[in-house]
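Heads up, the next two complexes both have chain A, just with different partners, chain B and then chain C.
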Partner chain A sequence: MMRLEKRPQPSRAMALATPLLAVLATMVFGGLLFAVLGEDPVQSILTIFWQPLFGEFAFYYRPQLLVKGAPLVLIAMGLALGFRAGIWNIGAEGQYIMGAIFGAAAALVFYPLEAWWIFPLMVICGGLGGFLWAMIPGLLKVKFGTNEILVSLMLVYVAEQFLSSMSLGLLKNPEGYGFPGSRNLQQYASAHNAEIVSGTGMHWGVVAAFIAVIFAYVLLTRHRLGFAIRVTGEAPRAAKFGGVNPARLVLFCLGTSGLLAGLAGMFEVAGPAGQITIDFNVGYGFTAIIVAFLGRLHPVGILLAGGLMALTYIGGDIAQSQLGLPAAAIQVFQGMLLFFLLALDVLTNYRLRFGAAEVA
Partner chain B sequence: MDLSVINPILLLAALMSAATPILLAATGELVVERAGVLNLGVEGMMIVGAIAGFIVAVNTGSPALGFIGAAAGGAVLSLLFVFLTQVALANQVASGLGLTLFGLGLSALMGQSYVGVKPPRMGDLNLGPLSDIPVLGPILFSHDAMVYIGLLIVAGVWTTLKYTRAGLVLRAVGENHDAAHALGYKVKRIRALAILFGGACAGMGGAYISLIRVPQWTEGMTAGVGWIALALVVFASWKPWRVLLGAYLFGGITQLQLNLQGAGVAIPVEYLAMSPYIVTIIVLVTLSADKSRAPGSLGRIFHASH
Partner chain C sequence: MTALLDLSGVTKAYPGVVANDSVSLTIQPGEVHALLGENGAGKSTLVKMIYGLVKPDAGQMSLNGASFAPSDPRAARAAGIGMVFQHFSLFDALTVAENIALGMENAPPMRQLATQIKAVSETYGLPLAPHRLVGDLSAGERQRVEIIRCLLQEPKLLIMDEPTSVLTPQEVEILFKTLRKLSAEGTAILYISHKLEEIRALCDAATILRLGKVVGHCIPRDTSAAEMAELMVGSALKPPQKAAGASGDVLLELRDLSLPPVSTFGMPLREISVSVRAGEVLGIGGVAGNGQDELLSALSGEVPVPVGTVFFKGDDMARAHPNARRAAGLLTAPEERLGHAAAPDMSLTENAMLTGAAREGLERNGMLDWKAARSFANRIIADFDVRTPGPGNAARSLSGGNLQKFVIGREILQRPEVLVVNQPTWGVDASAAAAIRQALLDLAQNGAAVIVISQDLDELMEISDNFAALNEGRLSAARPAAGLTVAEIGQMMGGAHGMEVAHV
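On to the complex of A and B.
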């Protein structure tokens, strides 16, 4: 008989090992999945994980790692703060959209004026858009005790509808020959979130992601508020007796994650995406949930996990064009990763014991 | 704008059909939550059920077999949730989210070659003279079999929970799993069965969208219905008959906004399409004051080691 025995303390070694084991298991089972789809499993896995980094065209793909990783890390970092305190914002996708709309609108209002303050204004408005959108579930939870999971998720669908209304209406490019979508911000110098060093993929969103990671690290390890977050997640009753104000914590966690998701959306629309379109959002807000868990809700872990997840996006694109692997296969692959992680996580808190259980 | 094109009888008749996917999914989730498990994967199980049912129906030519396939598909996916939360003792919120993300990807993968295919039609049930009654006939007695099966499932769940021993055990497990365990009930086995039932119901709800409501396959076609179903369980204070009421309310709103879009109301289509989600939020706000009805062990991990 096999049974689980609770560890007195969560194992640190297992906490570090499980993400790696999960990645390995995903590679094996992902390979099997690709084999079922009629692809060479080894070839597919190599295409996804090896080609973008060391393949023939790596010079093109490596910068993409930063471009795709930045929004994931930025969003996941904010989500992780809440997840640690047991506050579940799963509507980051909506906050990302609202950040992009607010940021782009701020620039388009002043088009074609060229001024240095336009980009900073966009950053402020983008962050504000995400922040306000996240404040809706936050305030409703604090005031009425409404479930933040459901409200934040419902607001994703509302934001998606708002996005299509904006790209077909108010923000539509007047010189766009009737096509839906806003003006392209890449052609508007003051608003363009261009690469800081050309050819590296390093744009302001990447810088913001690194800053967010450092801030979160300091907050969680050195600041009283970070301590309050950790205590609330691990022992809610103890936190209450310790004088943690739960309402303020909810607003802080939701607000911060909304702000960061909004910034991610704004940097994306001003840079790599360029314009507000109906299908502007590609699911970063949801993938970031996987990134947050894969990174163990820890800032450094999230940085690494964001890189890995960006790799699967890029590798997935390559596999799609070279091997004809369907786009959905990568989505399944990413979902698998989360499953293996959650399943293996049991080893952090429990020990596997073999032998008959004694009768209680 | 011409509101006279909206026929109230047809609207009420369509309401019953529009409510069925939410009703099925929410009833399944109600049983899961009464057993003390919070499964946020309803959306994922619905979409997998939608494509599984679609594939079976197209290949066999039988919508009835399609619904059975959909129930099987949803239940198989929910097995993953059983493994994660009952065996590996993983966090239920994270596992449920994972189930939804995985289900959305998996369904897209399964459905690749089914885009644009027409499924076999499921005819309306022939209820003879009942369907000919003026007003009541078209509203109540001229639907496909799944509408009535949905109602039967609600009635079945209600009687089981209220009047049978099995229902009492299920509620005991949900209210206090330690006490239920001490009384000798197999907490994990009961929860696993509840989760499988929830998966099967969600799967059928999804198939109702892909086989009857739309009817065709598009990626992500459940569009948040699974999440609305989750909200509905809270709205219903974990009571089956209130789930029915809530499902008809949401079905009505969905149908009304579709009809208003058709009637060319001055409100842009996007804002009408937002309305079911906004109404869900408003309903959650007005009802979330009363949490006393929630099962005592909802969302808590059970590990019998001491």
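On to the complex of A and C.
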């Protein structure tokens, strides 16, 4: 019989190996799924993982990797800080939307003025929008002990309603022939988050994502606050004994993740998306939760996981168009990744033993 | 007469350690048999095998002459074995009768069960109202619930694991009367303890375990406590050396400290006033759950307390958060090692950082100096003889005694002016406990004020200059420890907590 035995201490080797094992298991079982759907499994997996990087049209797909990966990494990095402390912000999607609206509105107020300070102002407002939206569950939790998971999640739907009302009302393009949606910021030079080097996909959001990763790494390993986050996640009573103020930590973690999600939204609306529309958000805020866990809540891990997730997105699109795989199959494939990751996670703290069971 | 229970050559090994090495033990019907030994001597493993929780690797057990190999606790109970654990498994929010019904195979209807509970409790002098909420009961009353739960199954052998650690001396007397009555009726009792005087008062025979082996048998009545202790430990113990308590300035003073309970069944603190001077060891006794944790949280700064209740060297510290108190010199070590005093999954270096950051200069402008933290952890490990491969190991990988030495050492090495410790030697083997007590005494000798909260009265009498007791969240007036009688201590601890003495 198979059983789990608790390790005397968490295994570092396993902590590093389980994400790789999870990716492998996803490839195997995803291949099986595609085979059942009547596709060649090896071909499908190659299409998803190989084509975007080294295929015929890789010159087009590689920049897309940065464009799709940056918001995921930026959001996931903020979420991971909270997740490490046991503070569950599930509403990054809403904070992402609010960041985009605040950032776009800051620019549109001054349209068509061209000035160097408009883009920095958008960055500040975008971050602020996400921050404020995340402060709602934060303050409610600190003051009234509400559950931040429910409140932050429900605020996503409020933000979505706000988004459609903005794109149909206040922010609607007056010269847009009645179509919903704001002016296109790509055509507003001072507000455009353009590629820093043309054809690379490298825009300011990508830079921000790298900065966030470095900042989070230093915070978690070298700073008192990062230590407070880790102790709180491991042993809340010990953290309190060690002088951590739980309420302040809740506000810091929710605030930071909201800020980063807001920035991601702002960089997206000013760059790749271009305008505020009803369907502006495409689920980065939710996918980032997977990215955070896939990266083991570790800054470097999240960087790699963001890249991997972007790859499955782009590869999934190719598989859809070239092989005709249904979109749902691609989503199942991505879900498998998280499933295997969480399932294999247990091996970090436990080892598998084969033999007779022992009651102890 | 055939023996009730006979164990011969019972062996049980775990990876890396032989918990029981060819242990033999015989218990006669109606006998009160003591099982003596230090922590880790193998007492728990042995009774777990008798109770069907663990299967022996080798050896025979027989009950009333027939071979006995319980596959699980249910089988053991069916064979007539009952066990009262040291840690109760009761639900606070349920009544006594409901709790008892939960532990029974075929619970009768609630009304009938209540009558049975009343009958059994009166027969054995353990008064208990079936309809009271367990959350409202004292520790002694909770233990009664566990005992009655066993007695309802009419056991032939009752195993009791350290039953007196949660009782006042008066409550111990009541319990002993009950146990003697049971024994007179033919129920055998296997009594696990390391309190030697109790064993001398109660038990007919004793088996002593050391490192998994039986190292001796004795008739407790005819053996001195010192002889038994020597058998247990394997060598004569050096009692802590205590110099006359020089009393200096008042370092910590509590004035009318009251605190509402944190949770539904928590204990409030009620008008606690006490002061400790430099060089003094103040022992605070009391049965578990009478406000010990709450008092420590109030002193560590984890729970905010009203202004004007906590004074450190004359300054009002009531609103200061934990690290401000540490910086000033007021240090604490809570009872719960894993999860409160230390984070289980974090390394010893990180746990050294947890409380040492401010006083040991391990952080500068919020940036942490891990090299300094590691050398601080190494210093604790060296000075307090913590057995571990190194400071990179997780706290949970240490044995209870070693982690306790680390936790106490971490605070003592920070040169506190006032140190408050809760249960400093709980679950720690005798030699480590002696080392911890000596370290606390040395600290006081060097001019610190030390408050030791403990449920071990022997320990408190050994090291305290003054003694006070917590009862229902109230602290009695402190009295010089020298010359206090057991009866006086018992009264300070709240007597029998309103429990009647057995009418038997």
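In this text, the second predicted complex is superposed on the first by the 358 of 360 C-alpha atoms of A that agree within 3 Å, B and C clash if a C-alpha of one lies under 4 Å from a C-alpha of the other, contacts with A are read in each partner's own complex, and residues count from 1 in each chain.
Everything below uses one rule, namely that contacts are C-beta pairs under 8 Å (C-beta built on N, C-alpha and C of every residue); 3 or more make two chains touch, one makes a residue touch a chain.
Given the structure is predicted, the values throughout are model-derived calculations rather than measurements.
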Three-chain arrangement built on chain A, chain B and chain C clash or fit: fit
Vertex chain A angle, Cα centres of chain C and chain B, expressed to the nearest 10 degrees: 70
Touching partner for A:Gln331 - first (chain B), second (chain C), both, neither: first
Which superposed partner A:Arg230 touches (first chain B, second chain C, both, neither): second
First, second, both or neither for A:Ile149, with chain B first and chain C second: first
Most chain A residues touched (candidates chain B, chain C): B
Which superposed partner A:Pro174 touches (first chain B, second chain C, both, neither): neither
Which superposed partner A:Pro112 touches (first chain B, second chain C, both, neither): neither
Least C-alpha distance (whole Å) that remains between chain C and chain B when both complexes are overlaid: 5
Interface residues of chain A shared between complexes with chain B and chain C: 360
Chain C-facing residues of chain A, complex: 8-10, 222-225, 227, 230-231, 234-235, 237-243, 245, 358-360
Residues of chain A defined as touching chain B within the complex: 3-6, 37, 88, 90, 136, 140, 144-147, 149-151, 153-158, 161-162, 164-165, 168-169, 286, 289-290, 293, 326-336, 338-339, 342-346, 349-350, 360
Parts of chain C lying in touch with chain A, wherever the complex brings them together: 53-55, 72, 300-302, 321-323, 326, 332, 334, 336, 338-346, 350, 353-355, 357, 363, 366-368, 370, 393-394, 396-397
Residue numbers on chain B that touch chain A, as the complex places them: 40, 80, 83-84, 88-91, 93-95, 97-98, 101-106, 108-109, 112, 219, 223-224, 227-228, 230-231, 234, 268, 270-271, 273-274, 277-278, 280-281, 284-285, 288-289, 291, 303-305
